[in-house]
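Look at the two complexes coming up: chain A is in both, with chain B in one and chain C in the other.
This part shows the complex of A and B:
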């Protein structure tokens, strides 16, 4: 085609070409500055049989970065694909390795969901970092052929009183609000945690979920020679150049240079138009393959499309539409400008493609074509600047088995328990226990998150069935039948620090339970694994333990991991964050009208506690807020019981026996009681003595223990006998601990009685006071 | 007869599918109207839904006010066509001078999404005739630039002539002058408001009500009102 004119003979031109590379083998190249190790550089030379051109070096360096290549995590991520049964795979339409996993939810519908980190950019430039985090994950979902239907965010900030925290909180929340609201995607929930371990390295994870008809599934591959390679959406600019390799591979160091220019800038309006445009392109069936441009930009999209499709590609880089004409070829290849997509379009469909992008006023340019040869050629005018096997860039990056070491502090940490310390319990002093309850539910991590979530649109789309502060977010997929999905995400960095293997299983158990209490059936798992430096053997041990815990846990529960993301180098100086594997569980519900509310709505209902309470306060909110302590071992997880509990809830829900259900986790029963009353302003009278008698625990444990496998439900009197019978038949410990009433009060017998308005004041005032 | 209600989509419009659903639930046919198409396709009424038309660059609603379809809407509105502007649609109506005043950044600078109580203060419009005078309703509010402003003379006229159609109850969410949530024009056919009636039309997906979670459908009367007035016209 006219895009490529062959140059007749070699003339040095200022651009580093393959011809020049062949004749200047000894030219010094800045591979170290680009984040490559000497061995990695040597391997590139070996693959190519010459030194790489500067463009090739840029491509390899960014694609072989930790962020893109998963070089330190790959050997551990494999187990998510190995520790599975055929039964677990039966509803999986696309597994790990694609942009996002795809799950068959029935009735011809499928959903795709994924969570990704944007931690480092969000510390440097919180607003744009968080905004483009949302934009990036939404494009991943769009790339699968799905209409994005919701977003969620998992946020971890430094200490609430640190002066820098407000900067990050305001920027991140504003960025998510700005971008997500403008995209028209309901924000249905998420997490917000404050802990000083995240002070110099906040975690900003973004999740998106999309729905598609089975036949609309798209894959990122270019397989048919002759198909056109079309770049469309926003123009390519100088933003985010090297963002992936520079930002994701380096740890923050206060003495380093300012890195602001490496952060991408987002335009949600452009993305909204791009979403509608892509969905119309899919509907017209004019794209054979599609890939979004995120980390590593054109380098990633061209090499992955070609490698996935088992084909090659010829690209004319001068055809790329630019915001800045002075961009060099290397910069164009590395640019992470947002809101761009690369489509593979059969020539016969070009006219139809053009009509649709023109309708949406989206700019595009044909930059190349697919070829049968296993080679990626990129030209700059007449000069050839890239000539590589695409697979070596996209998929055959280095794989490391990093050294692993049991942390030197671990035994001492585990031996430093709530008991060994003899931490004071106010069991004999009711007013002190009452004061602790208020102190806990108004502490920043336990306080109402409305100040954040009320800045996000949860209504748009008209399909939101559950959202914050409910345990999970739920959206309707089919308006005809009410078929819907729900998602909950969880991670407890404190537990993972005490025991990363159990900590990951605890996060899985909690997310599973949160989906179950909403009335949905858990189906699949995604994750975002936030850890310190993989070059630190103790961090690598945490990673190894957490991934094993998660994979083993999924096998026990019988639900597969469909995809995920790894974020390493989350640390300030040498101090790593707590290991924070965010686990997301996707559930399916046949009709969202059947969903279970998370709080009490009617008076005179009986309140039941399901599950057993143990003396498990190590790592708890109580140990943190009341005693400032972190040590010991996290609560025991029994995933077999979690499954049994989830099945019992599903059965009870199907029989219409549950008026509400709420999971017990952080801050235990105390937190759940307060949330259940405040959700719809319904009072209650509750007693603890039977918990203490049956389970042999003191009042501090009854209120604040974080034992797993527990749920608080309310049941109408007419359903009482049936409900208790159902629990007993299924081996679920069930105990009536109270009754709802219209008193406007929460009474916990022998401890205190609070006006709901006072509890609400305490629970809701904290974040506005800190950040309002 | 089937009442046809047009729902406009500008690039960046977000609540168009919600508004179409609301129209259908109320019993009318929803007709999509495209921003670049200067043609109202013989609809009986028009809804300008919420969103960020053209990215809300320049000023909210300012570019949409210049769109080909908007010119047709202005012409038809001046001839009496019922027009409802919701959120960004209200901003467009103000920018197109179909309603007076302006909308600025919320007082506290944050986008705010919450279930909002309103008082319906004018029921003599095609969009509010199914409400009772001073009826208190709850529908979702979600905006970043919903602070209503107008000069003293305009405010005096709006209050004096009873053109304030909706007023915020409880706390004013965005610093709007006189707690104004929405307006009607002199003729009554053009109504604009910041809160979102189309998000309170279907049990299970609206605001919480005293009856059950997310079961509030106070917004439905906007759409049944217009159908009622068109059927009886």
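This part shows the complex of A and C:
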């Protein structure tokens, strides 16, 4: 190509070239400011056999940051690929390591899903931070060849009454609804949790799921020499320069407001056009490989495409279309301007490529070509500014085995239980128990989240079968057969703080159960692991425990982890957040018409509680809301039983025996009863005495214990015998605890009777009062 | 009535999606000589008395801390109109 003239003579200019680097080995370089350690800088010099140019230094620093390189987490993430059986892999078309995992769901369809964090940008600029979080994860899904079909967001905010919380809540919710609604993607669920541990460091995790035909699968690799490297979509500007390394890898205190880099501003309409444009390019089969530009921008896309494909690349950086002509080469390499993609296009297909992008009025420029040599060359005009082995930038970054230490507070925390404290239980006082129930279901974490989710479009596209407040979000994939998928995500930071190993398994168990109660078969797992600083050995212990718990749990359930994301340095000052490993489970349902509703709809149905209730109140909502206590050990989780329970629900659903099913988790039976009545405004009469007698628990436990492996179902009278027989045959403890009725009331015998309108008022008023 | 006018623009280095859209629309209309459009906002603070230097300083401060988002916008001017 005429773009690349061979010229290596030393020419002094404003640009730092490889030729200049060779003759000025001792020039001081700002590697510390770019977040590199001395050893890391030394290693770059060793790889190159000279000092890096400033452009190379920019690339290495951003790609070797914690956010891009996973340098502290890699040794633990490996087990997600190791603790798997062949059976678990049989439906996996693409596993970990790509932009997102891809699962075969049958009928020639596949789905890809992933969750990613956008925590730090969303604290600094909540609106754009959350909006670009949605945009980024949607492009990850698009990159796999899929049409994005839904999004979900997992949010953690500070204390609800802290004045700064409203700023973050409003910005984040507005940003998500703005970007997602403009794209026309339904937001089918997610989580919202308030806890003071997230005060200076909210968590904004974004999940997207996409569907594709098997033959449309795309991978991010450049392997054929001669293919063109094309950057298309939005122009490159000075957005978020260094954002990925500085924002995601450092705490706020060390950078301070003065050094805050520019955040990114998203344009969802440009992204929508980009989605349609890419899908047409895929169908026309004119791209051999594709990569979205997110964190680390062109540095990441060029080095990863080349490294994945086992090839190299020559790039002319001056060919990049810029919004601002004053950008330096280093800035262009690091820019995180949104809505950009990099395609690898065979020369013979360039005309077809151009016809499609021109039709969509998407700007593009050919910036280079794939070469057979294992080298990434980047030129600025005639000057060579980068000359590196791509693998050393993209995949062979530093790997740390950080020190791990059992937390000094852990034993005391675990010994400080609800029992050892002798926390008061209102077992003998019915009116007090009734007041506690109302207090709990109207507390910010248990209250209805409609104020948030009503700002999102849940039904756009017309394929949504279940969405918040249901246990999982479910969308139809095939309009011909009704084949669909469902997703639930969960994480309980309080449980994980008490026991990160069990906490991760509890999150997995809950997400699994949430998918199962909707009638879908759990198939695959994604995760977003939000933790404090990896440089703190006690945080690293939490991380080690949580990843082991999740990997062991997936092996027990027989569903693989397909991908995920790690977010470290989530802390304010020296105080880390509770470990918050968000676990997402994807399920498949052969026809969404067969979904199981989460609430009661018909009168005269029997209400059954599946599973056993134990005295498990440590870490519970009851201990938090009523006593302000956090200590002890989280509930025991039995994944073997969860699987058995899931299989029983699937069997009952296939036989059409279930009128509704709702998972019991936070705030136990009390929360589930309230949600089941309010979902479709159907009353019920319920009794607790048989739970207490069979399981040997008091009334506080019967209402508020958070024992796992429990589901509340309603069954029509004609199916009673069949249903109970099915549960007994499968070894699922089953107990009839009530009957639905048209009274407009929820009666819990010997405790209280509430008008549904009063319960609804209490449950739904909280968030609007705080933030409305 | 005297008023203070605060003008806020998106930061130079950041993408301005609205401006870009308008620029594209102008180009389609044939206004090819316009190379870029950036859209900001103008805020009027009304007074029923004469505006003092202290008011202007306060308006500047309100502009930077409340009327604009310092992360993505700049206050480009604070002027008085009598």
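Throughout what follows, the second predicted complex is superposed on the first by the 762 of 772 C-alpha atoms of A that agree within 3 Å, B and C clash if a C-alpha of one lies under 4 Å from a C-alpha of the other, contacts with A are read in each partner's own complex, and residues count from 1 in each chain.
The rule is simple: contacts are C-beta pairs under 8 Å (C-beta built on N, C-alpha and C of every residue); 3 or more make two chains touch, one makes a residue touch a chain.
If you're wondering where the values come from, they're calculated on a predicted model, not measured in any experiment.
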| item | value |
| --- | --- |
| Partners on chain A (chain B, chain C) - clash or fit | fit |
| Which of chain B and chain C A:337 touches, first, second, both or neither | second |
| Which superposed partner A:125 touches (first chain B, second chain C, both, neither) | second |
| C-alpha centroid angle, chain C to chain B via chain A, nearest 10° | 60 |
| Greater residue coverage of chain A in the superposed arrangement, chain B or chain C | B |
| Partner chain(s) touched by A:736 [first = chain B, second = chain C, both, neither] | neither |
| First (chain B), second (chain C), both or neither touched by A:213 | neither |
| First, second, both or neither for A:237, with chain B first and chain C second | second |
| Partner chain in contact with A:458 - chain B first, chain C second, else both or neither | first |
| Partner chain in contact with A:267 - chain B first, chain C second, else both or neither | both |
| Lowest C-alpha to C-alpha distance for chain C against chain B (Å) | 5 |
| Doubly contacted chain A residues - partners chain C and chain B | 267, 269-270, 361 |
| Of all residues in chain B, those that touch chain A in their complex | 11-12, 14-15, 17-18, 21, 50-52, 54-57, 108, 110-114, 140, 142, 144, 196, 198-199, 202, 204-205, 208, 212-214 |
| Chain C residues within the chain A interface of the complex | 10-17, 20-21, 24, 69, 71-72 |
| Chain B-touching residues of chain A, taken from the complex the two chains share | 174, 177-178, 181-184, 267-270, 272-273, 360-361, 453-465, 476, 479, 592-593, 597, 601, 680, 772 |
| Residues on chain A engaged by chain C in the complex (per definition of touch) | 124-125, 128, 234, 237-239, 260, 262-267, 269-270, 323-324, 337-338, 361 |
